[in-house]
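The structures come next, written out as structure tokens.
Look at the two complexes coming up: chain A is in both, with chain B in one and chain C in the other.
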Partner chain A sequence: MRLAKHLRPLVFLAPPFTLIAVFVIYPILATFYYSFYDKNTGLLSLNNYKEVLLSSNPLNMIIARSFSHTPPWGALVHNLVWVALHVPIVTFLGLIIAYLLKYHVRGSTIIKAILFLGIVIPPAVGGLIIRFMFEADIGIVPILFSYVGVESLSKTWTLYPQTALLALILGSVWLWLGFSVTVFAAAMETIPRSHIEAAKVFGASTWQIFYRIVAPQLKPAITVVVVMTLLWDLKIFDIVYASTGGGPGGSTTVLALVMYNYFARALDYYKSAAVAVILTLVVIPFIVLIIRRERG
Partner chain B sequence: MAKKGHIVDLTTVINKDDYVAGVLDSVTWDGKIWAAPFTMWLKPGFWYRKSFFQAHGLSEPKTWDEFKSLLDKIKGISGVKNPIVTGDGVGWPVSDVTEHFIIAIGGPQLQLDLISGKVKFNDARVKSVFEAYLVPPIKAGHFSEPIEWTKAVELWWKGDYALYFMGTWITGMVENPDDLGFFPLPGAKGVVGGTDYIFVPKHSANLNAALEFLKWLATEGQVVHGSTKAGKIPTWVKASPGALWKPMQDVYRKVQDLKLAILPDMDDTVGGDWQTLFWDQLKLLWVSPDKLGSVLDTLTREHPATKG
Partner chain C sequence: MKKSFISRRAFKTLALNLVVWVFALAWMLPFIGLVAVSIQPYREVVVKGWVRVPDLSSLTLNNYIEALRNPLYDLATGYRNSVIVAFLSSLIPVVAAALTAYAFANLDFRLKALLFATILFIMMVPQQLTVVPLFLLYRNLGLYDTFQGIILLHSAWGIAWVTFFLRNYFRFIPRSLVEAARVDGASEITIFYKIILPLSIPALIASFIMQFTWVWNDLFYALVFLASRDKQVITQKVVMLKGEFHIDWGLLTAGSIISMSTPLILYVVFNKYFMRGVAAWGVKR
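After this line comes the complex of A and B, so read on.
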């Protein structure tokens, strides 16, 4: 009877553990193993890593051999640039928009719903929309620059190495902003109205209320937005695949696209596994850092 | 697939002498035929609207100088953004027009040698095709920036552009195919053509019915397909050109009259990740023609046959 009682949790845990073992743990271990598998010799070696890290194909290049002031800089650097621009823009813009919608705009639900559309759109479709958003003559961005007379930015952004990566990052801000606004708006609901009103009574300005009352109480929500956006940026694929395919001249290629190219284009599964492991190694430090900070 | 025994040997099902020369080469292995061709498309040259040419007193060029002067004349027409619209998708339309320049200027053999890797992309002959013939019109603004290729059809048809290099399927994409004309680059001795094939899996439940259907598709079925608006031509030589859809009869006749050889598509034949690299590097060349040297070096370095 007592044994049965001890076994009961195991009975309930066995199905999810089995599923996790088959669909999560085994693929992780297999990917790690195959990343070292040399298809020519059948032995385990570092050759796959060497070849993917030293690839000179601009679409599969992980780190460029030489750096200029415009891309291509290699997939890894492109991912990091994506993180460096996208995470702060999405976090701060989302925070400000959510704050203004909560305390200063009437009928904000409709605006929030419109902003949330970006999250509902499949990323591959989002990639196509971004391509059109930045296309000369029909895209909103080049048309706006054309109106204000900035000819150098009234062209098709995704065709030029100088502007393609920036176009995709800005486009992904539009796609992802709805997420941060929604998370911040939900978190703001938990801040008692009395805190805001008390601050107003004591003469606090809008900025002081935002900075001293609202923002500190949103720390857990900020962590969620930063972590989720960071992960989204590091594994970004669909948008790039659908809009530029990593071009022009490899100026927008990212790690997940390189992984796909080896897998589906070159049919080299072992090199694809090596890129997957590199991608994981890039993600882990960010996550560890954020979790530690959160615990601290 | 044939080596592993997954598909049916069709050597006795179709007669190889009944097909356009060379069309069975890519599906012949170990002396046996493993697939049947059922249709073919061509990438025959620059398409134009006859009414546009008529309205502006333009005619098809017979020499390279006439081609250059045609582009200059078109550039001077009010309302035309660029003489040639460049299609874009993932990049294949850019590679199509480039291959046409290689074939027309360098000759059909150069196309075959680049595919096989006998000639490298940074070879002097290839470089001269780009430097003397392709890059100057790009620099002169005769080509548009790459535009999504179906959108480009629309813009070209309404007169924003005068010429469009595209495959024969364009005949089925325009309002009035009778208004369509095309010309290959002057001096071209070949055009790219591609065939669609049918395979029969060895483990098909109704093998005999499948083979019977295949035999029909590869012969009389091609005549039916060629008569539709698909913009295709048969590979079965017994098919009567008179049964083709009217716009395709004109294409067929012109290709025959000019004695144009049908050549394999370079990026499709080389395939793999070089294919996407080829498209991407050419798109780069279109917006940065000064990078020609690095583009040709990259294509040489990464070509599976000339790698390293």
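After this line comes the complex of A and C, so read on.
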């Protein structure tokens, strides 16, 4: 017997969406509910949010009440600093390298494969390697600075609040650059080589070709790199957990780590849910942006 | 006159090649250091550093053996657990998502746009948003600290992006093939099974490999849902190699290499699939 026409899609959709409903949709909705649940009164209120946002415990702090020159500034601020440094570096460096690899450098496939390694390895191991890179006497960065005689930067970066956050952000450039290079390189494939050749014939310089011909055609790719990198920075967890655990003195905490601290250290599930919702509210505008693009 | 112009241009190209290659090799340095430290006794690294040609006589695999076998660290168990969890957490969503992706690519149904937006949303929402209620639910159902629990979660989560990935692939299969089979009276299941799936083997492999890597690399879900020593996966175990106060970098570098070896091997073997999967983001569909 043939299934009725309108029931047919159900055969395909019912099993997967049952899994999704139970293990993704239900917990998402329940998290919102729990985030308002006041465990003292059993009523719904904004108390979890209030306490979470006002916490001044460096391990759980989301926004510091006063800002000094060195972290801790609070997890949300650290995330934003991360975005402010990481996104432009990864975007510009990625654009330049992808451009050079496409038109000027031999062996570009191998170089792209090397840069991409950072995306493939577990981010937790990435965090350990970042720690390794910035460790006094054995890390490549402090070795370099001690070689040129800069004493203040030849120590273990991740042990000092002044340098720990910066070390993680620079390390995350090392891990993530392969993403932007790969996306940009693929987008450049779609630019006809004849356009570049023609510009060369008319005497355009490398920089002019890049700025006038290549860059404008890459706008969609640039949007993707910026938004995906931003989302990656805002949701970052493994790297921080593995390298510093948020220390020293809370100077490298991020939102996802604060959520985990409430969950696993304080065993306060309701506040943990509140932090998860705050994290989600921060990323949602960018998720909507990407969804619009994919559906449009 | 003309000759010197050409040679200047050649010189510029050469210099540029050199700069980019030096940059790429510098990018490799942390990996080189990782290998160098892992194959020597840590005492020797402390004294002499690793930026040198290591003494052949002192090369050793002790760090690896210690990390894998010492019951304190026990990466061998973690490795086994990761294989089990990652394999099943990839098989289930690829099978399930193939069904969903077929429906999105070839069928019309109510709420299609909404369901597709849901899929996209799940792909990007933070993992943190699901764990608290699931943790409480799992504790009641006895799924906490079991492989079943985390496999179900990873599978449900994976269905979203694999659906998206496969649906984009299925759309490139000429619709006329599907239409012709329908005219011949084939049921949708037959079309899916006999026409679409055989044509999509590369995409199925690609999504399986990428989901496997994603699950293998996960730390957050594992931290929340797996606790006992004989259940923990390799990312949990390797992070614990880092002591609270003292770091034995010999042990830690060896552990890092062990735990990233599987994704690295998959990457080397299936290189094209990885790059294409990521590259697809940059090219307009």
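Just so it is clear, the second predicted complex is superposed on the first by the 266 of 296 C-alpha atoms of A that agree within 3 Å, B and C clash if a C-alpha of one lies under 4 Å from a C-alpha of the other, contacts with A are read in each partner's own complex, and residues count from 1 in each chain.
As a working rule, contacts are C-beta pairs under 8 Å (C-beta built on N, C-alpha and C of every residue); 3 or more make two chains touch, one makes a residue touch a chain.
Just so it is clear, the structure is predicted and the values come from calculations on it, not from any experiment.
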Fit or clash between chain C and chain B when superposed on chain A: clash
Which superposed partner A:246 touches (first chain B, second chain C, both, neither): first
Partner chain(s) touched by A:87 [first = chain B, second = chain C, both, neither]: neither
Chain touching more of chain A, residue-wise (chain B, chain C): C
Touched partner set for A:261, first chain B, second chain C, both or neither: first
Partner chain(s) touched by A:230 [first = chain B, second = chain C, both, neither]: neither
First (chain B), second (chain C), both or neither touched by A:58: first
Set of chain A residues, in rising order, touched by both chain B and chain C: 131, 135
Complex contact set, residues of chain A against chain B: 56-60, 131, 135-136, 155-156, 159-161, 245-250, 261-262, 265-267
Chain C residues within the chain A interface of the complex: 13, 16-17, 20-21, 23-24, 27-31, 33-34, 37, 45-46, 49-51, 96-97, 99-100, 102-103, 107-109, 113, 115-118, 120-122, 124-137, 152-153, 155-157, 159-160, 163-164, 187-189, 192, 213, 216-220, 223-224, 235, 238-239, 242, 247, 249, 252-253, 256, 259-260, 263-264, 266-267, 271, 274-275, 278-284
Complex contact set, residues of chain A against chain C: 2, 6, 8-9, 11-13, 15-17, 19-20, 22-28, 30-31, 34, 97, 100-101, 104-107, 110-117, 119-125, 128-129, 131-133, 135, 137-140, 143, 174, 177, 179, 182-187, 189-190, 220-221, 224-225, 228, 231, 234-235, 237-238, 241-242, 256, 259-260, 263-264, 269-270, 272-273, 275-277, 279-280, 283, 287, 290-291, 294-295
Chain B - residues contacting chain A, complex: 90-91, 145-148, 272-273, 275-277, 279-281, 283-284, 286-288, 291, 298, 301-302
